[in-house]
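What follows are several structures.
What follows is chain A paired twice: with chain B in the first complex and chain C in the second.
Right after this comes the complex of A and B.
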């Protein structure tokens, strides 16, 4: 692996999160589209998402979306302004912190759904 | 001190695939990596091949991937590497001809593509084309490029897409685009507005980190991006 610094990792993570979001969107569209095949099929497909890997995966998707969004703002600043490039490292750390915060928030909001036996408080959706 | 040099070697006439050759030798902390390579070539294994010319950081011949980063072998001291084991590989994204020597043809084709020469067909002034120090300052950084290819071959986009002109060619274009005396700016910007041009830059900053001349390359590419962007609106 080439020993690049923050910029290289920002770029790799941006690509990776972009691909993750794309895969999620394809899965999402196909899942919703399964309603065309009837209620049972739709129900069966969505039952799958109750499995733990999918529940946890959703937290990852939330993190990927948040990272992609905040690093996207960093890229806008770098491409459209003359100061963006000078502060790219600080902007990246800020994007990472924001993404982590969003991920933790999603995790917190989903704890009762993930571990119903341990966390019984009501989620922000009242369930 | 003792140093172990692991060199990525390949001779297309003999080897089926590249391999790591290891050399253990006595070096001085103040030796440059190039001095050690010389020592290996002259005293241990004469078949080791690498490029170097001036050996003083100006000709740009000895760009190599040293301990995972692109650098000039003649500008890195052993004591700056922080360790006794040193890996040396050819720069990436260009085909290896032998050991540390790569085919620089695509690199120089990109360089030629941006018309790296002064264009001004106006009537010649009686004396020099004058320029204010402030106007000269605008493109000062990009005049320092020595075409060593450290930047272009550190770029992840260039590794996977050789049609990208690359940071070095854009730096060379920048040197003329922002020269107040030059009249070829529009043609160069049009060239860099193509899908092989500046928009391929995904701001990974490897070029800026790798440049042995400390040119703020990503910043320079950004200036060209904005020149295209704002000239079209």
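Right after this comes the complex of A and C.
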């Protein structure tokens, strides 16, 4: 199945991103769900989300989700269509580009929120 | 010996499947994955791009939980995400512990416990009524 150098990378990154998203999903469900334990508990958990390393990490999460999603579609296309097999290499580069674009969009929207002194531009979504 | 199917078409998958459940999981990964594309990317767009993640304080989350359509959406995201991710992790553990059944047993026990606990917690959060400040 996964043939050639690209195929190995595609597989490895898919695995890595899949496990990373699952880990995030578990933490995220507990942190968001903690609203049912009351305002104080949620507030304490949410403090973590205000830490800079965490907020930068979330942009990485967005990139990981986007890569896994677009590469996952490529896998589905390979499994169910003949053009998916034929163009699997090109489709992988397309998936990488789409994931990069999604992550850049996330970065663009969040830089003014993260570093208001440095990035003073306004996005259509505001701050 | 890998348990997960490494096929590149439904016909191959059917031929390789050691059991019926294994084939069902193979199909499930593809169906749930396709649905998760929209569910996750739109969720990220709405909560991380179009709004500031730091703005999600207690009140904002509680008000968002008050909307039943939104709850239905989160329910699908939670359920499909945990099942898809959980089964994906099973493939990873099977590959990583191919020669070590004891490690396989423990890794799966820990993984399923964590995923199951988080799933129950997340479901409860969607069922329990969470008061919105000022609204009740």
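The definition used in the following text is that the second predicted complex is superposed on the first by the 117 of 127 C-alpha atoms of A that agree within 3 Å, B and C clash if a C-alpha of one lies under 4 Å from a C-alpha of the other, contacts with A are read in each partner's own complex, and residues count from 1 in each chain.
The criterion applied here is as follows: a residue touches a chain if its C-beta (ideal position, glycine included) is under 8 Å from a C-beta of that chain, and two chains touch if they have at least 3 such contacts.
This structure is a prediction, so every number in the text was calculated from the model and none was measured.
When the two structures are aligned on the shared chain, A:78 is found in touch with chain B and with chain C.
In the superposition on chain A, contact of A:86 is made with chain B only, not with chain C. In the superposed model, A:39 lies in contact with chain C only, and not with chain B.
Ranking chain B and chain C by residues of chain A touched puts C first.
Look at A:7: by the touch rule set out above, it reaches chain B but stays clear of chain C.
Contact with chain C, but none with chain B, is seen for A:62 once the two complexes are overlaid on the shared chain. Judged by the touch definition given at the top, the superposed model places A:30 against chain C, while chain B stays out of reach. Within the superposed three-chain model, A:19 lies in touch with chain C and out of touch with chain B [touch as defined at top]. Once the two complexes are overlaid on the shared chain, A:113 sits against chain C while remaining clear of chain B. In the superposition on chain A, the residues of chain A contacted by chain B and by chain C overlap at 1, 75, 78-80, 85.
Against chain A, the residues of chain C that register as touching in their complex are 6-10, 13, 30, 33-34, 36-37, 40-41, 44, 48-54, 56-58, 61-62, 65, 78, 81-82, 85-86, 88-89, 92, 114-115, 118-119, 121-122, 124-125, 128, 130, 133. The part of chain A that touches chain B in the complex is made up of residues 1-8, 10-12, 14, 75, 78-80, 82, 84-86, 88. If you check the complex, the residues on chain B that touch chain A are 65, 67-69, 92, 154, 156, 202-206, 208-209, 216, 218-219, 222-223, 225-226, 229.
If you check the complex, the residues on chain A that touch chain C are 1, 15, 18-19, 21-22, 25-26, 29-30, 32-36, 39, 42-43, 46, 49-50, 55, 58, 62, 65-66, 69-70, 72-73, 75-76, 78-80, 85, 102, 105-106, 109-110, 113, 125, 127.
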